[in-house]
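This is the structure I have questions about; it appears just below.
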Amino acid sequence: MKIFIQEIKENENVDSFFLVREKSSGLTKNGNIYLRLKLGDRSGEIEGRIWTFVETFSESFERDDFVHVKGKAVSFQGQLQISVNQIERVGEEGIELSDFFPKTEKNIDDMLKSLLEISQQVKNPYLHRLLHLFWEDNHFLERFKIAPASKWIHHNYLGGLLEHTLSIAELVLKNFSHYKGLNLDLLLAGSILHDLGKIDELSYRRSLDYSDEGRLLGHITLGIEMIEDKIRQVPDFPKALATIVKHLILSHHGQDIWGSPKKPMTLEAVMLHFLDDMDAKINGIQQFLKVQLPEGSKWSSYHRTFDQSFYISTGWEQLEPADKVAENEPEEAK
Amino acid sequence: MKIFIQEIKENENVDSFFLVREKSSGLTKNGNIYLRLKLGDRSGEIEGRIWTFVETFSESFERDDFVHVKGKAVSFQGQLQISVNQIERVGEEGIELSDFFPKTEKNIDDMLKSLLEISQQVKNPYLHRLLHLFWEDNHFLERFKIAPASKWIHHNYLGGLLEHTLSIAELVLKNFSHYKGLNLDLLLAGSILHDLGKIDELSYRRSLDYSDEGRLLGHITLGIEMIEDKIRQVPDFPKALATIVKHLILSHHGQDIWGSPKKPMTLEAVMLHFLDDMDAKINGIQQFLKVQLPEGSKWSSYHRTFDQSFYISTGWEQLEPADKVAENEPEEAK
Amino acid sequence: MKIFIQEIKENENVDSFFLVREKSSGLTKNGNIYLRLKLGDRSGEIEGRIWTFVETFSESFERDDFVHVKGKAVSFQGQLQISVNQIERVGEEGIELSDFFPKTEKNIDDMLKSLLEISQQVKNPYLHRLLHLFWEDNHFLERFKIAPASKWIHHNYLGGLLEHTLSIAELVLKNFSHYKGLNLDLLLAGSILHDLGKIDELSYRRSLDYSDEGRLLGHITLGIEMIEDKIRQVPDFPKALATIVKHLILSHHGQDIWGSPKKPMTLEAVMLHFLDDMDAKINGIQQFLKVQLPEGSKWSSYHRTFDQSFYISTGWEQLEPADKVAENEPEEAK
Amino acid sequence: MKIFIQEIKENENVDSFFLVREKSSGLTKNGNIYLRLKLGDRSGEIEGRIWTFVETFSESFERDDFVHVKGKAVSFQGQLQISVNQIERVGEEGIELSDFFPKTEKNIDDMLKSLLEISQQVKNPYLHRLLHLFWEDNHFLERFKIAPASKWIHHNYLGGLLEHTLSIAELVLKNFSHYKGLNLDLLLAGSILHDLGKIDELSYRRSLDYSDEGRLLGHITLGIEMIEDKIRQVPDFPKALATIVKHLILSHHGQDIWGSPKKPMTLEAVMLHFLDDMDAKINGIQQFLKVQLPEGSKWSSYHRTFDQSFYISTGWEQLEPADKVAENEPEEAK
Amino acid sequence: MKIFIQEIKENENVDSFFLVREKSSGLTKNGNIYLRLKLGDRSGEIEGRIWTFVETFSESFERDDFVHVKGKAVSFQGQLQISVNQIERVGEEGIELSDFFPKTEKNIDDMLKSLLEISQQVKNPYLHRLLHLFWEDNHFLERFKIAPASKWIHHNYLGGLLEHTLSIAELVLKNFSHYKGLNLDLLLAGSILHDLGKIDELSYRRSLDYSDEGRLLGHITLGIEMIEDKIRQVPDFPKALATIVKHLILSHHGQDIWGSPKKPMTLEAVMLHFLDDMDAKINGIQQFLKVQLPEGSKWSSYHRTFDQSFYISTGWEQLEPADKVAENEPEEAK
Amino acid sequence: MKIFIQEIKENENVDSFFLVREKSSGLTKNGNIYLRLKLGDRSGEIEGRIWTFVETFSESFERDDFVHVKGKAVSFQGQLQISVNQIERVGEEGIELSDFFPKTEKNIDDMLKSLLEISQQVKNPYLHRLLHLFWEDNHFLERFKIAPASKWIHHNYLGGLLEHTLSIAELVLKNFSHYKGLNLDLLLAGSILHDLGKIDELSYRRSLDYSDEGRLLGHITLGIEMIEDKIRQVPDFPKALATIVKHLILSHHGQDIWGSPKKPMTLEAVMLHFLDDMDAKINGIQQFLKVQLPEGSKWSSYHRTFDQSFYISTGWEQLEPADKVAENEPEEAK
């Protein structure tokens, strides 16, 4: 059973799985080699020390491995660390990824099912086929189901990409008929495909970070390549349609300073951009408020990317009528 | 019966109402004074000339008056003009404003009714009362029903403000439940109130333009004053709630360079900003395409404010499969 | 008698008033509860500990209360803290606000008197009446006399708003006649009213910070509401004049990225903007230099908001003629 | 006697001085050469034609020469032109420059005298000497007295540089004592020297335009060179003082995007920047309003450089109390 | 033989090839239909009129066709037009493209040969193979040889893309060894591939303009797709190398506001960006100066994209020593 | 012999030269005065303590002096410090500057010789003379040989300015003939002179920092003054040529936000800007990678000024073909 780092108590035995985030060696005062580890899971990080059988253990695992650790929690200079007695590399099949990274609160299989159902609504045969080539690609599906949508800003947890994608598709269904002349097939295809490149932009099996590909090319370019790869497999896919779909992907960030070298030029691209931006921002704020709202405060801490703080607009229903902001009142006026 | 300027034909008699857009006098070669007019209606502009009874007629109307004109259409240097025999000022009650300015294609009374019904959904008694103070204000209502939402960019026609306001309220109803924790009362109040200041920012009884107030203060400040004016009439309106509502108005443009000195800081303000921006832009593009899409082209002309052109993403359904863009093909490759 | 935190010495008794900035509880090694306080005054902050009668004392005061503390200064891990024997909440009437916050070096009553005299020079009866409605409003006056002009940038001390307002009014008197055609009444009214909203934008009775209203609406919007509130009390106040006065307030930051959604569009608004900007910046630099000029240096530290350092341009009178900057001289060149 | 172009009437004889702005030759239908001229003065431009003695006349003057023209005003295709009978180059000594370019309305000698008197207030011997080296330089003085301060934006007329310089110096005298710790000598020297480079940045003897030097280096660099040139002539001028003075010149535009590669870093430089900016803008607006305020309008046309229009804030004194903006009022509400 | 439009003279017969740029019909005063054409070639445009056999001719060609025209040049309202007697569509094989568009002054085949030789220097087998897949693709080659590099800014003529590509490759050879540690293979591959997408971004067989693909996706995305298409054909092409090469293409504009969503992150990408930017700008200036340098002037007209004018820095060798800029000299100083 | 701070070991004697970076006094627990020093050299910093003869030693040296220190390395709270027994000020002639600051890896005399040879290629007699006036100025030469090119960004070591200058001159020789019409004399003069002002902008004899002059005026203005100073010594130097040369210096940063108040307006200025920018950036990246590339990583840390990280594009030659990025692969797909 997984014991989380936040649950470990001084002087208790530890027997659980962790991710090796750092690994280095040191010298004791007596000149013996020991191993310094940083062990992590979803709940935090803890130091580990291996004092015995150092060489044997050292060869049996590396940084970024999952390991099965047996040892004891001791306190050193006021901080807990694990004095490791046994350590053993375990394959990914033996662990539960969501023990190590934050994960969507929604059910992944349910979300995927909903998305597949929505994609059934696409009538155009070429777009319909394009989407199903993704659904038939198990290699893709496995990654799409767990990928996060970003490292920091929004849907930054396992399954976040799927959650965000489904959310946009649902928003499309709610909004497309509000205006005349918008093509539902394009909007659905665009919403489902717009962030696919993120399965390669981020790495999320050992740590939540950006991959080399992601940093050098970005998810927009990676996504367009993935789409082109599938389009080649659709016989007679109209070239003009391919251009319009790729334009939806390329332009969905809205403008160059936000990462899209082309502005949205079709009505569908304009709507997709707004829905994507709104969904990312609202989720981003809600995730941020979960951890960055000081207890009892109505103001969040400062959000670096959004360059502002946020205010909790609840509680006014209980306010007394015409309440005065008392603090600035001079005494004699009360 | 109104005869529109576009319908006037050479050598026919003219008997209709027009708006006097310019009025000046000239000298004939014989040294007689005549009047040069520019007459307008919704369909365009035409020159007018008064050669007889010049002084009498000249005193009877001014620029920006509506007039009843009788005369004859003649051609001068290849252009039609009206040789005016009789001209008479008429009050606004005698004319139909929508003959002179473009007007929403939707039914104004229906839209207003829908908006009133939506505002019934506001449960909070203070917000409910605030909205109804506007609905009970006939002076306000009369202007709200015909005001445009802007001069150029979007909903730039009589009734445009009401159309845009209703559209945002409907979008709120479609989207608010997509996220947890958003307050419907605030969103509905914000959507209904956000652009009210435009009834004073623009002048639209003689020409569609910005008023002095509009240019010096803007619709956001004007709107907050209008709301404050009503809030004073609601007994015990909570001050904190008033602040939150005004923040919705103040921040709905999203950031300083778009006219909002404060960014949206509450979740409701964030959603309102995105829905407003999306609605304004999509309507703006659709209005633009009506007049700025060259016949047979898939590309609009250049839109100065949006700094781009737009592309019509229809027609690809009929495209032959895998159509090649033929134009760049060298002959020998065909 | 107030003993300031900077004056407290190890092992001496302490008997003075402080502001409770933080309050939390901890557990001793023996499992007893104690209270951890952060106590502050104008001169700094000091830790406080309550080891006895913890529950009784804990209920008798809260964070942001002023308290009367008796105890002893002891050293813990190299830092002074007060071991509190007695603590008692005191009302605001028992303390001197300026013991807890920095305060203008000028005499507040003298400054107010000067400002009232200047406002006598306003000849237009409507503007004259408008200003005097503020002077007759004791509730307003009490706050106006102590409000700071900002938290960080300039006049960031009790009385700073009054000092800044008077300074602008005096600058107006010095400069208005330098150009033809500027209206003194408008300039004086604008200078006196331009920052009034700051009395609500900032809170300054318990801590110097921005209020909820201030963060959500800003002093410009708050100020315009305050002015509109008084204008309603002036019979027959001309609407065009009200618009011009509000424009002075709205535009005084000069452009959107500095917080004014409208640029100054009248000559008076242009001059008011420059004088306000100059006064804020010069005061801001002078305040900054008081604390951020390393001893013996001619260069200040880096000013984050202004994004630069400042140089003291004095001392050159004593420089020897044609002094060479010696440091870069190679030895053989000397 | 100078006859201005605006005064010329059809069929009258012309005998006056003009500036040759363009000069080219054409062929008559009969194959004869004639000369086409564009002649200008302060009041406008007129075409000129020379049909006789073409070769002789053509060799006797060039473009940008002042000429004495005798001829007759005739009408050709609805426009006046001068049929030239005699034309003769005249030296600059024979003409009055202000007949050809707009000129300050103030007395140049009076302004210069005032500026010299102000420069007497500079106490520091080095700065005092520096300024007087300019006053003793006749070559400099002659140009300084007539140079404009810019081509378009402000003080864009002969004598404008002197007028602007004196204005800044007077503003310094009015404002410097408002703050403690500002050095009057530096402020006066800075105000007098800050724009001197404009005597070379602009050319203004034949046309009001930027010189090659002006376009390639700009008046700030040119001015610093002029000051350095004089500083070399002041024995023992302290190097640190020279740096501070040059910094005043270099930084007076305030920031890089306005042309100053260094921000103002001393208090004197900060004040000089604000006074210069205010003076340039107020004069610029006033000049603009003289020509760009449509008759009877309270709104100027659009000012390209300032990117806005301006509003005339006068006339409200005469407004009826509580005047309503009538135009938006629905009929039934009146 | 091609007769160019600029060579056509009044009353002469015309027998030549043109491009039909516009085609519409009109009614004569007698109510007969006629055709209005705009005919173009490299040298300009001319109106054409077809008065006879209108229906027959009208069906035989369309806008954007090349046509063989026989007719006569007549003058109408001061402008030449061709009264067409015979008109016949001709295929592209019958015309010389460079008669209709400006073309590089260099020899296309020589340039291509040089580029092929340079690409031989690429040692890495994967990159070597990648490049040669392009050289072996005749369909690609035919377009690459004639494509322009842009519509307006630089190398805006047939063959311009090849000329620019070769230029960058040569610059790489001249500069790469100036720094240690730069990889020549990457730099050569990057320089040759960086703008390939322009063969589809622009259309240049009937008019020099941007294609739909070009406007919706841009040459960077189009180029990456072309490269990916060839990479698929190289067995075992290393994925990391593919990423690095694509990054060179993606980042070569340097930053987001110039069209690259990723900044150059490798040393090779940094150098490629600078060489490309320098080459584009220098060619762009030189092309601009050819047409926008007023005769006898040292200053070009204003270049909208570069937002500046350019100065010809020649001629100073012949200047007299210490020449004074005479124009600003007052008379008495000469 | 110099012992570097990084080489000092606990309990060993120290006898070497250091730079005094800080100097202050403290009180021992017994109430005796001691001196606290921060001693530095090229390899780092170390604390020093003087416990004996404090007053005598204290008077014999100051901060920023070079000193000869004898003492012993002891450990205090885990950090090495020198317990100083003897300390003595030494003149600059006794030390080797490069022991205290990082220095170019190239041979300074060789670089200077190369630069002199290149300057021989300048044919224009005025430019040739101008350059040689610098070479004949020993005072200049001594500083030019050791000045760094910047504090942080590039060539930030002794000799860096010379290295950068030579690099640009060599780049000019490699690139100038690539385009027609560029003047080699101007380009060589521009490359050699463009950054000369840095010898005064930075101070680099006691610490590597910006001088007062450098901060207040900047190297561009300082450089133009230095050039003007030499130009005065060249008889009959053409004024137009002087303007063109100064424009090269003034504009070499490319645009206002990068520090050049004028954009490059001549072809030579455009090329000089690109070569300078490329050289600074590539050197800057390479210097940065030396210290900011985590071992074993292909990604540098974040570069604040360039606002990005850099990627090492080597190692792909050894990659297995078509290597998959394994980390994101789900287990079942492997």
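Labels for the chains are A, B, C, D, E and F, by order of writing; each one numbers its residues from 1.
In the analysis below, a contact is a pair of C-beta atoms (placed from the backbone, for glycine too) under 8 Å apart; a residue touches a chain by one contact, two chains touch by 3 or more.
Every value quoted in this text rests on a predicted model; they were computed, and no experiment measured them.
Shared contact partners of chain C and chain E, listed by label: A, B, D, F.
Shared contact partners of chain C and chain D comprise B, F. In whole angstrom, the spacing between the mean C-alpha positions of chain A and chain C is 43. With centres taken as mean Cα positions, chain F sits 61 Å from chain B.
In chain D, 212-213, 215-216, 240, 244, 247, 265, 309, 311, 325 are the positions where the chain touches two or more neighbouring chains simultaneously. Contact annotation for chain pairs lists A-B, A-C, A-E, A-F, B-C, B-D, B-E, C-D, C-F, D-E, D-F, E-F, with touch applied as defined.
If you check the complex, the residues on chain E that touch chain B are 91-93, 138-139, 142-143, 199-200, 203-206, 211-213, 215-216. Contact residues of chain B toward chain C in the complex are 212-213, 215-218, 220-221, 224-225, 228, 240, 243-244, 246-247, 250, 256-257, 259-262, 265.
Those residues of chain E that touch chain F in the complex are listed here as 124, 167, 170-171, 174-175, 178-181, 183, 186, 235-241, 244, 247, 263, 265-271, 274-275, 277-278, 281-283, 285-286, 308-317, 319-325. Remark: chain B residues 298-299, 309, 311, 325, 327-333 touch chain E in the complex.
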